[in-house]
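Labels run A, B, C and D following the written order; every chain starts at residue 1.
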Amino acid sequence: MSSVRGYFHPKTATGESSIVPAPPWHYSGDVLTVEYRTDPERVRELLPHPLELAAEDPGAVALVWADWQSCSASRDELLDPVRAQYKETLAVVRCSYRGQVYSRCVYIWVDKDFAVVRGFHQGYPKKLGSVHQTRPHPFGPAPRIEAGARFGATLAAADRRLAQAVVTLRQPSPTGGFVNAHPMAHHRWLPSIEKGKGLALDELVESGTASFEAGQAWAGDADLELFDSPTEELARLAVREPIAAYYRQVGVVWDGGRLLESNTSGAE
Amino acid sequence: MSSVRGYFHPKTATGESSIVPAPPWHYSGDVLTVEYRTDPERVRELLPHPLELAAEDPGAVALVWADWQSCSASRDELLDPVRAQYKETLAVVRCSYRGQVYSRCVYIWVDKDFAVVRGFHQGYPKKLGSVHQTRPHPFGPAPRIEAGARFGATLAAADRRLAQAVVTLRQPSPTGGFVNAHPMAHHRWLPSIEKGKGLALDELVESGTASFEAGQAWAGDADLELFDSPTEELARLAVREPIAAYYRQVGVVWDGGRLLESNTSGAE
Amino acid sequence: MSSVRGYFHPKTATGESSIVPAPPWHYSGDVLTVEYRTDPERVRELLPHPLELAAEDPGAVALVWADWQSCSASRDELLDPVRAQYKETLAVVRCSYRGQVYSRCVYIWVDKDFAVVRGFHQGYPKKLGSVHQTRPHPFGPAPRIEAGARFGATLAAADRRLAQAVVTLRQPSPTGGFVNAHPMAHHRWLPSIEKGKGLALDELVESGTASFEAGQAWAGDADLELFDSPTEELARLAVREPIAAYYRQVGVVWDGGRLLESNTSGAE
Amino acid sequence: MSSVRGYFHPKTATGESSIVPAPPWHYSGDVLTVEYRTDPERVRELLPHPLELAAEDPGAVALVWADWQSCSASRDELLDPVRAQYKETLAVVRCSYRGQVYSRCVYIWVDKDFAVVRGFHQGYPKKLGSVHQTRPHPFGPAPRIEAGARFGATLAAADRRLAQAVVTLRQPSPTGGFVNAHPMAHHRWLPSIEKGKGLALDELVESGTASFEAGQAWAGDADLELFDSPTEELARLAVREPIAAYYRQVGVVWDGGRLLESNTSGAE
């Protein structure tokens, strides 16, 4: 038992310094999704045992941009918005675990530290990046969410552009895509502090949204470009065939997940 | 006549490197305004001759946050949004010039270089800052634009917080405020390259919007705090009495202004 | 056993995307240390069981600024310096564990993601911050490392300044301070993915430098100011009495640590 | 005559808000220079009348990285180093004006606002960029300034990498290069606030260092890569033939320049 408090580090007498407060975490955001097919071998090589390729459309990839405002139950962060606003780009594939289909984030870049740390908790493999996406607006030159509207989206990390897309909306859609539509199956890994001792934490966890609301989704098409980098492998998920692109405004709550497997031998 | 091209520097054979293209400049944005009264002497000391205090309500100040997407006539920047999106905080007062009331920006911080340079052109005294304001959103914890909605707004420069406000909307309003509602009377000053030779450029210019569209304005009240800094004097415009706060979504075009006076003796 | 590779996330077929490569990690840097005494109760409240206050000078605190270039054994990062350079400010106290004195970092801010993640591994409670310190230079107005030289150091996070110091060097010193001079005793904590299930990882680890070289240390005195923030508690470690300040250029290698205790019941 | 004070904007009753104080400006820095030859036509097209190609070696280009600490005569900025430290990358060519050889900066990116504004004054066509260069250090893995030492240098703007170099030092050198070794011949241009009225300011100015001290220069060779961008034309200065690379630590004072020509008809 520890006498210090706080959901996350740094733990203190009050708990007020914790880089993220305890869930539930609430999100308002705009999600722009570009779905395409890559060589399924490029997906398979990112799935550690016991995860397997999804049976149907195994090479499907969703490259997702999201522009978020998030907060804890107190909603205090919204009124000091440097602590609430962040943007992210994530590459999502599907996989199969014990016969069930899951989504899985294989790469993700965000632009704030609290988002990096939430990623550690949820098993998102987060790095920092510079993320931008066109925002809809009711006046002036920015697009409305309507047929023909065009949205740009870009990602850079370590001063190199990694991806850019231009999405044109065509018509309302019943969904915002199918690749990122399942519960997430993620690993939480941490090496042992001792060299050669493997992993101190090796968990497969499931999580999803505790609640979800959304506006009308729109579908369209995308021009997507991926760029090489010496430290990133996003471009290995090369575009073989476009599927579609989607735009949707959402409200989401995250409130914990479920442990699927823990490989405790890894800690020894 | 120069053989190089471009509206602004760097000028090249093609003109494509110019940090800003030629006007018209188009803007979509959300504008949050906090109006209050300060000691009119604090306004007067910021008005160089021949500008004078406004006759009515001479101590009125508007501290304005704006979250913009801007572009040239081509709208190309909107699809590479790192080149279109920026945020700003500006302090605006009113003044009188030849019997006419003008608005005048006395301090302004922005977060992109193209915005700094447009400020040179328009006479806004721009510095870089870190600017944040809560964004309205139709889903999740972020506010809708409605009675009771609360928006936070913050400004920092050189790693110091300079201002923060929390605005609560109360009811629809016929206007978005009165302080920043006149044509702007700005100076464009540049020192001579030679020491002791005064100003090479000393112009008083007028400019305003070439076109303007906007949604329903909302009025409310604000908690506003200003903080000291060794290199900023915003806090000298201390709050003596609150007036009101406003929120409005706008679409704006800027397309040049008018020279009011040029002090050419300054260049000699 | 997982088929994916990489010391850290994201794990891939090649391992090349890992946000940090495997240790050893090599560092070149300049370290500016301000030591002072605070109320020992403010230190005690940050020490979870079984850590106890150090017997001698229990209220001693070191606030340390460091300006680093770091790399893996390949040294590749040094030639793409956006991936090697980072700065940090850390607050260090001492504690006692089983009768032995340890140093312990209680707060730390860095300005790059790879440094955040190394912190997860090493038990440093890292957040992102904006960190600056004057650099010595042999020419022009910047200080040499010599008697009378003055160095400024500042820390901000979330657009608020948290600490600033001006250090004046007085004379060579046999050490660079005593607070941050022991092996580190750190916790590695991660909450369970399942709500109400406590910690999935709860380790007390020891680590230190695998090798260390340094130039002549200098001692002097400091003007130190700490500032409040709604999300930080550094200012609770208020200055009761100054001790001294130090400047030193160092070369360091980190190559893993040792598990002191693992509270596995926390994971159940 | 204006009653407000300050060398630059914003002008106030005290002058303390000016984004840059009056010269002299003092600099300490490390300068890494990569010299090469491009097609002289690519240089000629960047030289407005009455500037002409230099007679000797007209296609010579210097791409210069510099890591600065700068301050005013008070040196206050050095103790609040966020206000003193900045980095820049600049492309310099030579030209001939009335039979005399000048250096001329044709592109430049910096990472602080005060440096952007000084550029307006001095005629440097500054944009913001992300600039990094390896720093020499006496300990650990970073290079010493010696034969065989390798320094990396990179430039990005708008989330795209524009240039990267790896420089290997070979031997001491009597100079730090010849391209950036003359007084600068720069234009100071500002469009009229009124559309279609040309330039309000159109000056050709000369400036150089008021005082200069430096350590031993080193020469070596470079691997240099330039990358395309939709808004930058640096890559048009393509490398046809390498010349050499240089490293030097310098102390510099800048204290104004001299007006060579003013095209006042441009203001009408």
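Keep in mind that, in the parts below, a contact is a pair of C-beta atoms (placed from the backbone, for glycine too) under 8 Å apart; a residue touches a chain by one contact, two chains touch by 3 or more.
Keep in mind the model is a prediction, meaning the values are calculated, not measured.
*Asks:* Please tell me whether A-C or C-D has the greater number of C-beta pairs in contact.
*Replies:* A-C
*Asks:* Among the chains, which has its CA centre at the largest distance from chain C's?
*Replies:* So the chain farthest away from chain C turns out to be B.
*Asks:* Distance between chain C and chain D based on Cα centroids, please, to the nearest Å.
*Replies:* Averaging C-alpha atoms per chain gives centres 35 Å apart.
*Asks:* I'd like to verify one number: the distance from the centre of chain A to the centre of chain D, where each centre is the average of its C-alpha atoms, in whole angstrom.
*Replies:* Computed value for the inter-centroid distance: 40 Å.
*Asks:* Find the geometric centre of each of chain A and chain C from their Cα atoms only, then give the gap between the two centres in Å, rounded to an integer.
*Replies:* 29
*Asks:* Enumerate the residues of chain B that touch no fewer than two other chains.
*Replies:* Answer for chain B, listing residues that touch two or more other chains: 80, 82, 130, 132, 154, 159.
*Asks:* Touching residues of chain B toward chain C in the complex: what are they?
*Replies:* Residue list for chain B touching chain C: 130, 132, 154, 156, 159-161.
*Asks:* So in the complex, the part of chain A that touches chain C is made up of which residues?
*Replies:* 1-4, 7-14, 16-17, 19, 23, 45-49, 76, 80, 82-83, 106-108, 112-113, 116-117, 120-123, 125-128, 158-159, 187-195, 200-203, 205, 207, 230-233, 236, 255-259, 262, 267
*Asks:* Across the complex, what residues on chain D touch chain C?
*Replies:* 26-30, 69-71, 75, 78-82, 84-85, 130, 132-135, 137-143, 150-154, 164, 166, 213-215, 249-252
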